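Have a look at the structure that comes next, please.
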Amino acid sequence: MQPFDLVIRGGTVATATDSFKADVGIRGSRIAAIAEGLDRGKREIDARGKLVLPGGVDPHGHIEQLSASGKMNADTFESATTAAAFGGTTTVISFAAQHVGMSLKTVVDEYHEYAKRGAVTDYAFHMILADPREEVLEKEVPPLVKAGHSSLKVFMTYDRLKVDDEQLLNVLQAARDNRAMVCVHAENHGMISWMGKRLVKNGYIAPKFHSISHPRVCEPEAFQRLIACAALVDQPIMIFHVSTAEGAAVIRQARSTGQKIFAETCPQYLFMTKKDLDKPGLEGGKWMFSPPAREASDQEALWQALALGDLQIISSDHAPYAYDKSGKLMAGKKATFKQIPNGMPGYEARLPVVFDEMVSNGRFDVSKFVEWTSTNPAKIYGLYPKKGTLAIGSDADVAIWDPKKSVTFSDKTVKDRAGYTPWKGKTVKGWPVTVLLRGEVLVENNKLRGKPGSGEFLARKAGAAAEPLGRATLEFDPKRNFGAKLR
Amino acid sequence: MQPFDLVIRGGTVATATDSFKADVGIRGSRIAAIAEGLDRGKREIDARGKLVLPGGVDPHGHIEQLSASGKMNADTFESATTAAAFGGTTTVISFAAQHVGMSLKTVVDEYHEYAKRGAVTDYAFHMILADPREEVLEKEVPPLVKAGHSSLKVFMTYDRLKVDDEQLLNVLQAARDNRAMVCVHAENHGMISWMGKRLVKNGYIAPKFHSISHPRVCEPEAFQRLIACAALVDQPIMIFHVSTAEGAAVIRQARSTGQKIFAETCPQYLFMTKKDLDKPGLEGGKWMFSPPAREASDQEALWQALALGDLQIISSDHAPYAYDKSGKLMAGKKATFKQIPNGMPGYEARLPVVFDEMVSNGRFDVSKFVEWTSTNPAKIYGLYPKKGTLAIGSDADVAIWDPKKSVTFSDKTVKDRAGYTPWKGKTVKGWPVTVLLRGEVLVENNKLRGKPGSGEFLARKAGAAAEPLGRATLEFDPKRNFGAKLR
Amino acid sequence: MQPFDLVIRGGTVATATDSFKADVGIRGSRIAAIAEGLDRGKREIDARGKLVLPGGVDPHGHIEQLSASGKMNADTFESATTAAAFGGTTTVISFAAQHVGMSLKTVVDEYHEYAKRGAVTDYAFHMILADPREEVLEKEVPPLVKAGHSSLKVFMTYDRLKVDDEQLLNVLQAARDNRAMVCVHAENHGMISWMGKRLVKNGYIAPKFHSISHPRVCEPEAFQRLIACAALVDQPIMIFHVSTAEGAAVIRQARSTGQKIFAETCPQYLFMTKKDLDKPGLEGGKWMFSPPAREASDQEALWQALALGDLQIISSDHAPYAYDKSGKLMAGKKATFKQIPNGMPGYEARLPVVFDEMVSNGRFDVSKFVEWTSTNPAKIYGLYPKKGTLAIGSDADVAIWDPKKSVTFSDKTVKDRAGYTPWKGKTVKGWPVTVLLRGEVLVENNKLRGKPGSGEFLARKAGAAAEPLGRATLEFDPKRNFGAKLR
Amino acid sequence: MQPFDLVIRGGTVATATDSFKADVGIRGSRIAAIAEGLDRGKREIDARGKLVLPGGVDPHGHIEQLSASGKMNADTFESATTAAAFGGTTTVISFAAQHVGMSLKTVVDEYHEYAKRGAVTDYAFHMILADPREEVLEKEVPPLVKAGHSSLKVFMTYDRLKVDDEQLLNVLQAARDNRAMVCVHAENHGMISWMGKRLVKNGYIAPKFHSISHPRVCEPEAFQRLIACAALVDQPIMIFHVSTAEGAAVIRQARSTGQKIFAETCPQYLFMTKKDLDKPGLEGGKWMFSPPAREASDQEALWQALALGDLQIISSDHAPYAYDKSGKLMAGKKATFKQIPNGMPGYEARLPVVFDEMVSNGRFDVSKFVEWTSTNPAKIYGLYPKKGTLAIGSDADVAIWDPKKSVTFSDKTVKDRAGYTPWKGKTVKGWPVTVLLRGEVLVENNKLRGKPGSGEFLARKAGAAAEPLGRATLEFDPKRNFGAKLR
């Protein structure tokens, strides 16, 4: 047998299906062998007592992006992907965010520049469409999807970003024509705006009123509407950051009809509640994100929705804004909750907090952890089998977890540039002590070994979402509602 | 590296998650390596252009068993497992079938004798309880479960086998006390009996009236009742051979509440309809099984239920009865449909007909095929990771499929002893040309290489059903409804 | 204008639709005029400040009937209908109760004798079928239905009364053939038996364990099964005494499909909970009836089900057993809850306790009170328009309510022969101070004016249930499932 | 007894509950007696063989109103209410239609002028809010509701009329503050706009494409959103002109939760389908209204929804536009379907076409006919008991129907000013041959006896919708979502 550049020896290897003791042999950037008793490699990593998992794939994060209110978020690609790497994630999909009036092509080019300069993990882009005018959809989207940007994102809320139902239908149609996925932030804008104005008018301005300003029903309502639009166009969709039991129930119902609905949730919805916003002064702003965290009963409902396959992914929705004595992103001490930017850092903590609950606490097994945080995002977004698993020929993106290592989150050790962690004080058991990207060590001994710019862009194939769950429910149907009715 | 006893070279290896090109190295009875460019083994199998899959696990088949009407079915363990082996299946779970008045221990001992004498595949037993009297449940069941018989089966219909609701609750409670699974043939007995009598009384006696005598609603009704009983006891259940869209919908609804419901269907429900019973004379009897095959729209609903995870397994419900000029099991030419035994041979055809549709026709991918026919039955019934996957350390049970080989089913080539195949004339693409059991060749060049009795009994651990889908929904809850209410 | 025998002057007349001030003029036994300023009648009743309502129709009560355990209940027709009359009810439908082996004709004849001897209100019979053997269904049922006994009742629980699913289907089919209604006590017998045995075996024998022995799920399960059977036969059914929110939800769902389901509840389910059973010693037995009262949240769900039309009737399920120092029906001080007869007196209190909540407390208006307690039972069971309304030509059965009169229930004033009232100590506002039957005073000044035997038998027409809610959902469909499938 | 001004003699009187033979005695404008054998009145109407019903109440019609595209519809109050009167309707609620920028008070004043000038039936107004700006809601709405305009209407579609979700919430809140009902035209605007543009762009411009441009899902989607908004505010709503089975199912589901949802449908949805639009040239425009008529299966679903109480009213949505050789409202021969005004005449035909099916064809009984077309609209909109029934003291608004009279609709006999009837050629059995308004003859011998302006304005009380179906589900809840959450 040819020699290995690297052998990870004696660990417990896990995929979304199996876990077993084996050595992993790497040649160049790829996995070449999974076996008992491999010959010695040029380099060896002792993984005895450790879990050898595919590197995490985080498909939802905002990097070097303007907030909904027009201010830049805290991270650069360097800081953000460094945080991801320390948390065991080796691939991120962030956003190329168009605002009104912008050329989408220009936006994508700019984000390519940012990423090329700083990324230490591999990366790809969802293209945010805040201005889906005809020329953008007809001229810009097709070549960009072909160039590997096979997912579009739209917002149904936020004054400066939201699309109305007709625009949403246009985006869904453009996605269908180009076999791209459509990701959606789905909350009812009118309800949020109406509630916010009533609250502020009545003097309820503290951060904790943020959760009240997003009434629970704004989520299932928007899901219903989005799903109805997607049904009309017959286009697969990904519903971002599900936060409520009612929202999960809407998704389950729609999937029952065979509609191609995917969905994700995030650690903040699995571990936090609206009570986290209830802090003195401006500090609640640290836990301000949209949709807001809900109740403990929602957490249980979301775990169940994951177990039942209604949700397929746990992403981070990383969206850091610096917090200092002027509040979040210097919103100022007199800021109402409507003026504080929404979002919190998430890249680093995503996998450890989920591992702690799923694997260390035994809520699920390690294969489910791999499936929801790495394999499913890779498959759904067209990165698989290069990313998302430990298989012969796949990229040697590996996170070696020490299941016994305990870590307590602290503001002092954060790798991103938010300046704080919303998980401060939480102790988790299990940590990715060594992380490899394409066969090279990225993180080791709590040090970053990767170089800014060493991350690579991942062109993604279109139509991927059709595949993992079978043709029956998920392939693009060649007969459209529209055409069929005219016959 | 230590040498391999056998190397399967150059095939496409697939698990329930991945598929990739690799060699598979076997030492003794177990898989030792999955890799690129393995060193030459003592023996080599050329798998280029072929799919290298885990051997099938068929958890539902009747061997050397009395029919509901008290007559012996057609197969011995030798003929039945030979048929399974030729169809790519290396593990079967058949039944140890108690009838009224029998000792369960004696029954199990007898089936051990039968199997030891003839089996060429590995095997285990579900224990059928037709007489769940107190001594059986309290004295016999506990040691038998501990001895590896970790699943019980009951019938809700058939005059001589059925349990009533109170008996069903007793069985569920005994299973809960012993952490065993309960498998159920769930149809409403009263409806079937009532319809059958009315039909026969009115002269509707041909085999085709069998399907009418099992009205559709008898399935969802029984599922509802069974699920209510299981909820009362908080006991996981496996619903056998789902045949209707309404039945699948009941299961989906119950799973939505977090109840631990598993379910399977069979190729006859995915590919046949009630029209197959409509043949001249007695021939329809060949397609007589219960529940009967339904409509084309049910087939679509069942595929969708599989895709959505509501059903997890495709088993065969192998139950062969010899057919000759006196009809099925010599029922005689004047037999009404109520007198013809229910069941058809299924071991050999199960995997090829499903592979043909899922993989060759592209309805799903090969990983889903592996999951539903091998990995899921192994995990749910406590055979995993020894069986059900290709992983380092697992038994080297391998089916090597030639995806280009076309085979047409014919009565002349059947390996079981039914004397006919209900798939006669159907051509499938894809066939398991070489089959290994624990590292030894079982089938090769269309010849059986295994010896009668070379199959091994598999003692199964209890409580397995709790594990594959996570603690949240599936573990045995230590707090019982009953106790909780008394506090 | 011809003179009136009786004028009820100056009251507020109410029907299921309207309420308005008017005089009511009666000639002979029937209502002849509803008008302003009627001429003076031969007799006058001053109804100023009072409500003039149709006499109550109570379609569910047991009189001179053997309990499930074979003992006679407390009432005679005289005592029972006297209690009903004092409570504002002028028509009852009680039971002619067959036990196993009996001739139904003989049973009906006997109950005719009992009633003729004692009844002070008008009456009709539901025929209980505990032994629906072929000769009963084919020979006895048709002429009895033609003779005006147009409703059958079956029990799905109680050891000595229950029918199994096949018997249930036979009864439904016989009802369909004769256009009779089928009323059902629907609880899952196996669950109740199983729970009861486990409780008693573990020493939980006090009356309060009665409610635990009827687990909630035994109601929706039995409803589902009953509804499935009725769908198979395409036969309208009346589900008796709904007690749970889940049961009501099953009914609503089935009605959504257009199936002809009617249902009732009783005051004990609207005002009592399982806590009423929790009394020292044997006293809880006074509140022992089946199904048992449930939770406060079920009360709300049942009111809502009435408001939504899912339930159409509030009946009493009058079933009195004498209570003395030996306990209920002399069950004895060592009786387990399984040995205490089920049932409580209900004829007298039904209307006052419901009026108090609906009208005096304002939960609904007086028209809804009339609809659920008089008009709907009359329409559904074939007594309308003779009974159940105040319309020209209808029987002058009138209850004149004083909405300001307060009455506190006491054991001392009960008119039936149970010897106690389960409503003891409850004060209601509103009481039927004068009651007329066919134009004659039945109760006045707290005195009975009717004579034993003055009540008349009411022959009821078959097929009535088809009418009140329209052909679309409720008429007997001439095409049967069974025949249709054979074509 | 005092003499009667008018006696309707010998007919069959029907209310929403009862029907029976009786004479009806009228004094002045009100009903004074319903009885057998009334003394002779000053005037007599022979009603033998006829049905004596309350005059119809039609709560949905557009009179002297600008269309969505800004053009005046065909009718004046004189022509419109004349058509209504000939069809047996004695009360209409039409619209006072604000457009953007207008003062609501001014609009209402103008409609008062129009109506006073011409109406021959009694009338009231729903106030359409196309511009619910703060001053309108806070300054104008409260006094107008107090003045008897206790219902608001909004559109969720039409470019010039629609409100967005935030405006909708503001209207719902204003209604709640003033205890007014909110009526809604609920269709998803984005879907309709998107489909319309795609159709026109592709050359699909004929009238028949109108139905395709309103995809089915645009109705249940809008219902879901509207219901979610109403739930947030806890405000009762009336959903106008339900057209689809899916829409009806959404309503049923929402009512199951206890939410205060009322709904209506119209004859066009019960008797027409989208095929009626498929006529040569511009003629399909005659059947162009929104939502469009759907399929035969929807008709069945709507009848069932009425039977189940999910819908409570059959209104006309009278909205006539003149049709001549230049097409509908002179849209011109080259008009695309987007340029043709939506609406058809409906006042005259509403009751006869519904009577024909419900009563003459026997689908339901006459009481249901009265309930859905007269009693329920009167109760829900605050006109009861003055209107909507035949009770002592109610207005003597009476329609005397000859159930044997057959009439064939023809363009030549239409009373409104559309110039055509969409029911042309249809023959109905049953016709209101004599119509009374407040005791005066309005129509007789096919002649109008009323004078323009003799109709009276009906000030309606607020909060009425709480009453007919009981406090439990329908009263205005004093605890608001909003306030509750802040505690």
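Going by the order they are written in, the chains are A, B, C and D; count residues from 1 in each one.
We take it that a residue touches a chain if its C-beta (ideal position, glycine included) is under 8 Å from a C-beta of that chain, and two chains touch if they have at least 3 such contacts.
Quick caveat: nothing in here was measured; it's all calculated off a predicted structure.
Q: Looking at A-B, C-D or A-D, which pair matches B-C on over half of its contact pairs by residue number?
A: Comparing each option in A-B, C-D or A-D with B-C, the repeat is A-D.
Q: Roughly how far is chain C from chain D, centre to centre by C-alpha average, rounded to an integer in Å?
A: 39
Q: Whole-Å distance, chain A centre to chain D centre, using C-alpha means?
A: Taking the average C-alpha coordinate of chain A and of chain D, the gap between them is 50 Å.
Q: Where the centres are mean C-alpha positions, what is the separation of chain A from chain C, in Å?
A: Once rounded, the distance between the two centres reads 60 Å.
Q: In chain A, which residues are in touch with two or more of the other chains?
A: Within chain A, no residue touches at least two other chains.
Q: Determine which chains touch and list them pairwise.
A: Inter-chain contacts occur between A-B, A-D, B-C, C-D.
Q: Under the definition above, what is the set of chain C residues touching chain B in their complex?
A: Contact set of chain C toward chain B: 164-170, 188-191, 193-195, 198, 204, 212, 215, 217-218, 220-221, 224-225, 228-229, 231-232, 481-482, 485-486.
Q: For the complex, which residues does chain D have touching chain C?
A: So the residues of chain D in touch with chain C come to 1-2, 13, 15-18, 20-22, 25, 27, 32-39, 249, 252, 255-256, 258, 300, 303-304, 307-309, 362-365, 368, 371, 375, 385, 389, 391-394, 467-474.
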